[in-house]
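Residue numbering begins at 1 within each chain, and the chains themselves are lettered A, B, C and D in the order written.
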Amino acid sequence: MDGPDAKGLIFLVTSVLYKNECNILSQDEYVSPDGQFFMRTEFVAPQELDPEKVLKDLRENILSTAINLRINPKKKKDIVVLCTKEHHCLSDLLIRYNFDELDANILAVVSNYNVLQPLVSKFGIPFHYVSHEHKTREQHEEAILRTLEIYQPEYVVLAKYMRILSPEFVANYANKIVNIHHSFLPAFIGANPYRQAYERGVKIIGATAHFVNNHLDEGPIIAQNIKDVDHKYTYLDMARDGKEVEKSVLTQALKLVFNDRVFIYGNRTVIL
Amino acid sequence: MDGPDAKGLIFLVTSVLYKNECNILSQDEYVSPDGQFFMRTEFVAPQELDPEKVLKDLRENILSTAINLRINPKKKKDIVVLCTKEHHCLSDLLIRYNFDELDANILAVVSNYNVLQPLVSKFGIPFHYVSHEHKTREQHEEAILRTLEIYQPEYVVLAKYMRILSPEFVANYANKIVNIHHSFLPAFIGANPYRQAYERGVKIIGATAHFVNNHLDEGPIIAQNIKDVDHKYTYLDMARDGKEVEKSVLTQALKLVFNDRVFIYGNRTVIL
Amino acid sequence: MDGPDAKGLIFLVTSVLYKNECNILSQDEYVSPDGQFFMRTEFVAPQELDPEKVLKDLRENILSTAINLRINPKKKKDIVVLCTKEHHCLSDLLIRYNFDELDANILAVVSNYNVLQPLVSKFGIPFHYVSHEHKTREQHEEAILRTLEIYQPEYVVLAKYMRILSPEFVANYANKIVNIHHSFLPAFIGANPYRQAYERGVKIIGATAHFVNNHLDEGPIIAQNIKDVDHKYTYLDMARDGKEVEKSVLTQALKLVFNDRVFIYGNRTVIL
Amino acid sequence: MDGPDAKGLIFLVTSVLYKNECNILSQDEYVSPDGQFFMRTEFVAPQELDPEKVLKDLRENILSTAINLRINPKKKKDIVVLCTKEHHCLSDLLIRYNFDELDANILAVVSNYNVLQPLVSKFGIPFHYVSHEHKTREQHEEAILRTLEIYQPEYVVLAKYMRILSPEFVANYANKIVNIHHSFLPAFIGANPYRQAYERGVKIIGATAHFVNNHLDEGPIIAQNIKDVDHKYTYLDMARDGKEVEKSVLTQALKLVFNDRVFIYGNRTVIL
């Protein structure tokens, strides 16, 4: 739940759960400096209990209509992965999925190149090659959207998908597209961040997983991580070692997202 | 509060606080795999409210007598620091205390050498030189205890105090003595951990802040941190760079302890 | 090269290379506190130059016969991977090998279980299932040795191979077996390190890649890394998150080994 | 030494040192992708040897006049520290200096406020209060320059000196001024970086030590480090925890600079 803070919110929620014989496993809450309340409660309900009944009880007790309430059953999310030519993030997702270690079902992989088809086919997952050649941006995005519609994914993961998505495309999956950017945002926004990092002579490189919104590389950040570099690194060395950071940050961010632990508030994330 | 888990504990606490018009700032709880419940609630009470009244209400609602309840007002802890010859942890505490950045009052510094007296005197804090020479261990500990009794500290901080304390001494300040050990415990228990680390050829060194109990270097761990090393490090280099880790780990642990965030459960700590 | 330190060694080597028109790309040396000299020089030789000629010139100039000299051409190492049931380290090696990002050729995978056969077969690499059932340790190791002999690997990688190897087995591949141990050695030697770590209440877990020698978990350490944990981690959580550390440490260590950057000196490694 | 790469440079240097009976302790070199050669050789010379003689010999052997050659005797650098109101970086320098752990002599502290005078006076170091009030920037910088001239420092350390220095001021100490900036440059250039970081919702904050050149926050980076943060951090929390990073990064950078390990090349540093 999230919404404007008010006295007694924790008490009200825990009392409704108590009366419904739900056992709280963990509960975290946060109040932002400007008074927004966020709470995530993980509970086990009696088998016969209808989640809608709990939601109704909560709604009746929490009178403020500005409070958003959601009950998410514990289940894997359905996702589609978009990629271009680099394999490292996709490989990581495929291996985890193969061994049932990803909290998601990969329904399909979509790419504007067919380079990674052999990899994807090893894991028995549909691969859609949607080339951008001889297409306008609108036409290409339209083609991708049609492919996504087949699968109705709950989340779209950009695993090094190297094309910029238009606001119109993003609007179809608002707050449902997770991207991995190969820099420590907001440093080195835009193209060729490792080359920019090399030119600036930084001693640390990084990667950022974030939700995609209308403004390129400016969506709410979910996770970031870094790696030390030194003067011996060319920008190609940075790109090579950066891949390790990219895939670990994406994995970390997706684990949070797929477990319903990420709240979006303005351009920030609250992770409970 | 901590004790055996039971249904509705969160609800009961929040309802008592709600009725007493206390505003919860943050609340964290944890249930151990073997069913021990821990909860720390930070709240603002109406000015006229007697904490004893809240404790009484909580006690009446939480019937299990196995549950420990404590209300700690937000205030600085009174401490005495024990040290030997190395200054780095003590310096860090003195500087923070001088600028009101330590959540504690340093009432006095006690040492078995007078090496650090000039440093301590710069900050206007009493320094007690209690030499161990020509004394049995019992006599020396007795002398230190008498010095501590003058100040009645809530916590005793061993800031690189290089002598082993007897179980009899420790019993006087059960769960109230915090030590910094210069290894990544439980590796390299005992004397000369950096030399042991060098001999073993490790690639990482560390430091551990822990409560002191009867068994040397085996008390509940509060915080640990590490630093990469390589073959070029002699054990003296490790000792030099290890000091940076030691002081940062001790600072981190004391911040948790002085803010009443550390629960001891068997030989483990729960930090809420 | 490595051996007892002597005046002018760097000068002698660089002068031989200079006369042979070799261009030094990088050079690193180290002298241990007890006077052992280590140097690794990376150079480009004229195409027609025979490495044996350079070795002979070096030998003639460096009179001390206690100095070991080696010239390794830049090429991928041939390896065989041993594993049991856990896939994470093996998966990582297979994916890197598949995309030509591993400085080695995986000739075969050998396992005492057939659990990972489906994974290995995706990548078209021979998988040998050598069960230990109904065999004595000697018989089982004999069977594995026979399998290894088919491939004549330069290195054997234990990618979570969960059986202890006898000194007799190890002697066949002295300083050629790399293991990944799931603890921050020397803490938690032996079985079930994550359970040991949980029991001790540590705040950091780790993994160690090391060469295997006669003493279990006591060979020269190549690389170590760690991950913060807290009281909420069960030992199963530690094991799960520890896998990420294990695979990254093994990858890091193998990169060093396969690029001939690791010198073994007693029970320590010098990495140049 | 540094300059355009040429064949045999290592050989020439080591041969000159060999002939002069100098014993090389360590030697590191680097060649940039665009062909600039950097080498740092640490050696012990016979007591009677004049460094000028070695320089002359080197100059005679290395014919290229584009190669810069320097011989720095191992000695502490003379420095002056500039600060404003925050104590943390200055405290750290003073404590290290007090215990002879800083590779520099702090000749004086200069500040545009008198807030830190009591601290500095504890350590018996001259404190110059040079207020900027009722002065133009030129007048203020002029006053500071006059103070610096008294001490003739080899390096000027900006330990959280919160005023921008003009290019004219900087020109007096080209490549001799080290600053600590409270962000992970180039992210959050300019004022209030922690507030900027908070607004952007980053999950990591950092600090950067760099040489000061004409362009604010854009000089060659010497060292950077970071700290994880989360949504619970206000920008004041970031500023508080960031101080720990700032002082450790500044300490790390100064150690490199004071030991003559930092080469400046364009807007980058090479650290040998």
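The working rule: a residue touches a chain if its C-beta (ideal position, glycine included) is under 8 Å from a C-beta of that chain, and two chains touch if they have at least 3 such contacts.
Everything numeric in this text was worked out from a predicted model, so none of it was measured.
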item: Any chain in contact with chain A as well as chain C; value: B, D
item: Option reproducing the contacts of A-B, where over half of them reappear, out of B-D, A-C or C-D; value: C-D
item: Whole-Å gap between the CA centroids of chain B and chain D; value: 36
item: Where chain B and chain C are represented by their mean Cα positions, the distance between them in whole Å; value: 40
item: Numbers and ranges of chain C residues touching at least 2 other chains; value: 30
item: Contact set on chain C toward chain D in their complex; value: 7-8, 10-11, 14-15, 17-18, 23-31
item: Contact set on chain A toward chain D in their complex; value: 30, 32-33, 184-188, 199-204, 206, 220-226, 230-232, 234, 266-271
item: Residues of chain A touching chain C in the complex; value: 87, 91, 95, 98-99, 119, 122-123, 244, 248
